[in-house]
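Here it is, the structure, as structure tokens.
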């Protein structure tokens, strides 16, 4: 099983190097957050995370994340179904457009929304007359979050549906089943793990988005601060306990996400055996 | 020809209209219209204006800093990525599962959180920064090095996750064959394994590089944001936006997009060359 | 008379995929209750024809009729067809029972009727007791049978099968062929299946439709195709054809048209040891044996005659022949390829002697 390249000393040198590298770059920052958050004692920590503004920021983060997951799930399923089950011109263009948002810097993502809905946009007078606020308001934050997580779900679904082919759907359609029956009974069982996996990835990114949201938020206390933005404000105000306490909430979420990811990956590969 | 198409495309599977409609609507609202507005806004700038902004020394300096730190961080990650992927695929040792899981941390941990933590650790008072400052007189936070450290953190998963699946697929028979033919481990790695993982390495490297150039959250704290010294491009765009100089912000953004486009195209070309070499097609 | 009226009919069907002309002016008529095979090499358009009948593809022009009614604009689900896909397309996340019941459930049949019908079909395909298995837990042959039962469950008027045996091991395939033929004959359901394997078509089908490059080359019973190929393609495609550049070099075959190409089959050639009793000894020609292949029940003799390497079959009971031996070769008949036509030519000496005697 093991080739001879795995000679003892080399093996342990490489493993040690990996362990040191990961400890310094990944574990140490993580441990540091927890340590700093708790430095002034449990009471200070609890006070910091139950602070009114922390809670508001957390709630806004949850809202934006839910929106992003909801929109991207609907979009991901529709796009994956449309791109894999039908033949039509322009497929390549659509799939390239879907991937565009992740190749763009988050700051640029924020910028394009600023240009679209901001004061200098031709849309602005209309939006203003209808009293719709997008920039420096919650809708802008939600839009930016959707943008930066845009392909996360469709990208998980596409390969699964491509590999599955269209035979089963054709067979079901020939027997007279409608679109929703086919999707629910035939397609959904194939993609459910990939869908969950995509949702987890989308949640992780949506929760932590900083750059794009930062451009669009306007940093209004208690109104347009997501948790990461609020952490920035606390940090810049030298409230390190508060900043690291709020960070620890996101660390906990990150760890839950990592665990979910591992579990889903294992589930997914088990499922592969059934499929074949 | 045109008339036929409507008929031809009718598929037996229902739901095309609905799924296509939803896809196009959401895609337009979220991606296409905003991107178009960038194009529209950019078209109002004259080429001279654009060049004027881009050629400003402060802008040029920020591009130099962004590109050099991203390159340095991606190179570190390329080397560590190969080692980590190799260790995870080829060796069995206690804690392997843990390492495999934690590699994804930079994807899951919000960048701002990583940013403040890395900054605090590496200031001259920080746990790590103090050691480096006292022993070698090196400042990490608020320097070129600090930016690189943050970008290394961000880029770790890219190379590892690109190489890992390829390494898993390489049949150990190749290596055994090389061994039987008398090659030592270094030669085997260089001649047999490295060419196999090279395409994945390139794609992981370019993905990490592209991501590093655009990175904002983790860098903003550690960089210190001194113009000409530690100001990266996204920070500069942010600064222009805060001064409501949208023309400057858009110009710099366009230049950045052009760089990202060049990087990704270079990757696509290298990939096709590499895959042609492996599959033996001309 | 009604027996011979076409039940499934295609009239002047054309179909393109982008620049590829998949089906050209196809006309087919299949009577009720018949088992027809669409036979042709890959890319000949046979699967496209089947998919158009099912409504999985739309023709660019032409009419499809089922039971005398034009069904071009009738969705596949309302054409009264059952379809067996090449890889069966069983629903992988449903049990065998749910797979077979799917079509009935979609039609909102009462659950008791569904249970009854599925049980009946499971008995018919010999898979009783497997209803709670998933497709991945079945053998290739069982999957094929389940796919067959699923297609039959809603009582279709027509059964369409796309390469039904392609995904099965050679040994099980022979067994399944016979099973399928019996099953279809018993149910008396109009069936069309696609295959690229001529043995399969000849053994299973009542009628074979040979397709090539999007066209129908010939339609007929297996015997007809075998003994009277009407196009050069069919002459070359059916049987173990041996192409010959210039047939006029064989003795007693007179020049027929401008072309000299011909096709032989092993059964058209007799090989005789020198001195072996031969009715037409004077008409035979001398060839040299180049190779002998043992086929179990017979021997395939490869013999060179006028620069042509011919194959012939010889019984293992006949006197042994060795490689390098000079033998008498007698060609009974051959197909002359004359432009787009095929003409059967007999050895003239056969005629002469029959006249003389």
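Order as written gives the chain letters A, B and C; numbering starts at 1 within each chain.
We adopt the following convention: a residue touches a chain if its C-beta (ideal position, glycine included) is under 8 Å from a C-beta of that chain, and two chains touch if they have at least 3 such contacts.
All of these numbers come straight from a predicted model, not from anything done at the bench.
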Each chain counted as touching subunit B and subunit C at once: A
Contact-richer chain pair (by C-beta pairs counted) among A-B and A-C: A-B
Subunit A and subunit C: spacing of chain centres that average the CA atoms, whole Å: 55
Distance from the mean Cα position of subunit B to that of subunit A, given in whole angstrom: 17
Per-residue overlap in subunit A, given as positions that touch at least 2 other chains: 170, 173-174
Shared interface positions of subunit B, touching two or more other chains: 12
Where subunit C touches two or more other chains at once, by residue number: 54-56, 76-77
Subunit C residues touching subunit B - in the complex, by the definition given at the top: 16, 54-56, 58, 60, 75-77
Complex contact set, residues of subunit C against subunit A: 54-56, 76-78, 81, 83, 85, 87, 89-94, 102-103, 106-107, 134, 136, 150, 154
Contact footprint of subunit A on subunit B as seen in their complex: 9, 11-16, 18-20, 22-24, 26-27, 30-35, 37-38, 41, 80, 83-84, 86-87, 90-91, 93, 95, 99, 101-114, 116-118, 120-121, 127-128, 149, 152-153, 156, 172, 175-176, 179, 185, 188-189, 210, 213-217, 220-221, 233-234, 237-238, 241, 246, 249-250, 253, 256-257, 260, 264
In the complex with subunit C, residue positions of subunit B that touch it: 4, 7-8, 10, 12
Complex contacts: residues of subunit A adjacent to subunit B: 1-7, 10-11, 14-15, 17-19, 21-22, 24-30, 32-33, 36, 71, 74-75, 77-79, 81-83, 85-88, 94, 97-98, 100-101, 103-108, 110-116, 118, 120-121, 143, 146-147, 150, 166, 169-170, 173-174, 178-180, 182-183, 201, 204-205, 207-211, 214-215, 227-229, 231-232, 235, 240, 243-244, 247, 250-251, 253-255, 257-259, 261-262
